[in-house]
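Worksheet: the structure to be examined is printed underneath.
Residue numbering begins at 1 within each chain, and the chains themselves are lettered A, B, C and D in the order written.
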Amino acid sequence: MADRAPPPTRADFRMVRRIPTRWMDNDHYGHVNNVTYYSYFDTAVNGWLMEATATDIRELPAIGIVAETSCRFLQELSFPDEIHAGLACEKLGTSSVIYRVGLFRGDDNGACAVGRFVHVYIDAVTRQVVAMPEAIRTAVAGLPGCA
Amino acid sequence: MADRAPPPTRADFRMVRRIPTRWMDNDHYGHVNNVTYYSYFDTAVNGWLMEATATDIRELPAIGIVAETSCRFLQELSFPDEIHAGLACEKLGTSSVIYRVGLFRGDDNGACAVGRFVHVYIDAVTRQVVAMPEAIRTAVAGLPGCA
Amino acid sequence: MADRAPPPTRADFRMVRRIPTRWMDNDHYGHVNNVTYYSYFDTAVNGWLMEATATDIRELPAIGIVAETSCRFLQELSFPDEIHAGLACEKLGTSSVIYRVGLFRGDDNGACAVGRFVHVYIDAVTRQVVAMPEAIRTAVAGLPGCA
Amino acid sequence: MADRAPPPTRADFRMVRRIPTRWMDNDHYGHVNNVTYYSYFDTAVNGWLMEATATDIRELPAIGIVAETSCRFLQELSFPDEIHAGLACEKLGTSSVIYRVGLFRGDDNGACAVGRFVHVYIDAVTRQVVAMPEAIRTAVAGLPGCA
């Protein structure tokens, strides 16, 4: 479980979004609850996809559903911290993408959390796995790691 | 702001649902965050409607959207408290319902929170206000206050 | 329930904070869930208090707990909308404050939601109602409605 | 990313808790949002620890903070599903525990989600890593995988 490697830095990601914490993100222990970090991932990936494709991705014939996620928590956050979120591409498949997500506390250069986020594309009606929309493939192909 | 009247009791409501708190419901101050009480209201009303009508209300031609809510917080809650939620009807209109919601901490007889929750029915496609579905009217008409 | 009065505008509030929506703020009906609006209120009030007092209000000897809230929902929101939050003062007491909160969708001039948010100050240790900290009184006294 | 192995079953876990979904757990796509599964993990682990130790673990001199989590999403959930949560132990260290968490939709025998949840114990005051409290070690040692 020990992870002695230095945390990833901003240079490892395309910085895509600022996400201010909310008062209720803090839990009983006075720091941002672990669950909430995943809402930052979710928002960073989908918000960036909407901007990068200039499309409401929720209306495309194929939608990305989440097959797997993970997060290593490297440093505590607390309201009113602002998070800077970055994305990179670990693997771009035909019907799936594996993103790496880096979260940074304000202007810090070292990540406070690092995650993986796997989207699989399914037909919005039949729910069968299908190839991802071309606009999404093009956007992801430009991220660090794929580019 | 002072409210010297004794809190409502279970007898004022149809008890409809038990809602266990979740770890992250507690905020920085070590009690359930005020925002979260409204998720209990939301769950009590919609969950009860689905049971009482034996229908997936989300698939009806008219859906209830929330026009107004309020809550008076009478007593703190904390994980792992279980909440017992009760409903009553303040007003049953043609296209709208005003619910009263009572939340009780475990077996307590006095409410820990009391709310109002206003549903207005709109056509799921046109988003225009319409009469509420008959199944919903029938269910609500049986609640204390309407019955 | 009908509310024919025009919605409040930005001029009625001190604009205090921008709050971007998150992907998971949207619910089954494809709009921001009613519960989540209260997290915008919570964040606007407490975040502004921390800025206006230049203090971590959570460490003061008296803390503000929420006694009552309400919200009228005037217009739907949806991710990735950004919310602009404004505050005004409805009543400044010795141990309590009643805020009015206005939420605006992006640069809209008419509010998409209007709320009331009541803070009562209690001693952080004894939990008894006490006078609010002077720094907080001074900040609130400068809001529209009190000033 | 393909995972052709059959999902874990109830027999692989100590079943510890029922967690009803909430209305707002569903997101824009009409299923429980991926983020929310982690609140089920969080609640299952901490709720079970409080029951198994008969202690308010938040008041112990050492508290468990989350160092790493992950989840594979095997099947969609939707309100009003009730989740049955199970725990097992992957590794019990001196200052850390790795849990496996299985989520089941109602009475289903195959898991709808499987996760890992890593708690590291720190001194509640100094925030330094310390040995976990004995009551917690004893409880965890009785879980499948450790026992």
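One rule holds in what follows: contacts are C-beta pairs under 8 Å (C-beta built on N, C-alpha and C of every residue); 3 or more make two chains touch, one makes a residue touch a chain.
Here the structure is a predicted model, which is why all the values come from computation and not from measurement.
Averaging Cα atoms per chain gives one point for each, and the point farthest from that of chain A is the centre of B.
Comparing the residue numbers each copy contributes, chain C and chain D share more than half of them at their mutual interface. Just to note, of B-D and B-C, the chains joined by more C-beta pairs in contact are B-C. Chain B and chain D, compared by their mean Cα positions, are separated by 29 Å.
Remark: chain C and chain D have CA centroids separated by 34 Å (rounded to whole angstrom).
Distance between chain B and chain C, defined via averaged C-alpha coordinates, is recorded as 22 Å. Residue positions 23-24, 28, 30, 33, 35-36, 39, 42, 58, 79 of chain D each touch two or more of the other chains. Residues 23-24, 26-28, 30, 33, 35-36, 79 of chain A are the ones touching chain B in the complex. Of all residues in chain C, those touching chain B in their complex are 1, 28-29, 31, 33-36, 38-39, 42, 58, 63, 65-73, 76, 93, 96, 98, 116, 118, 120. Across the complex, chain D is touched by residues 18-20, 22-24, 30, 39-40, 42-43, 46-47, 50, 58, 79-80 of chain B.
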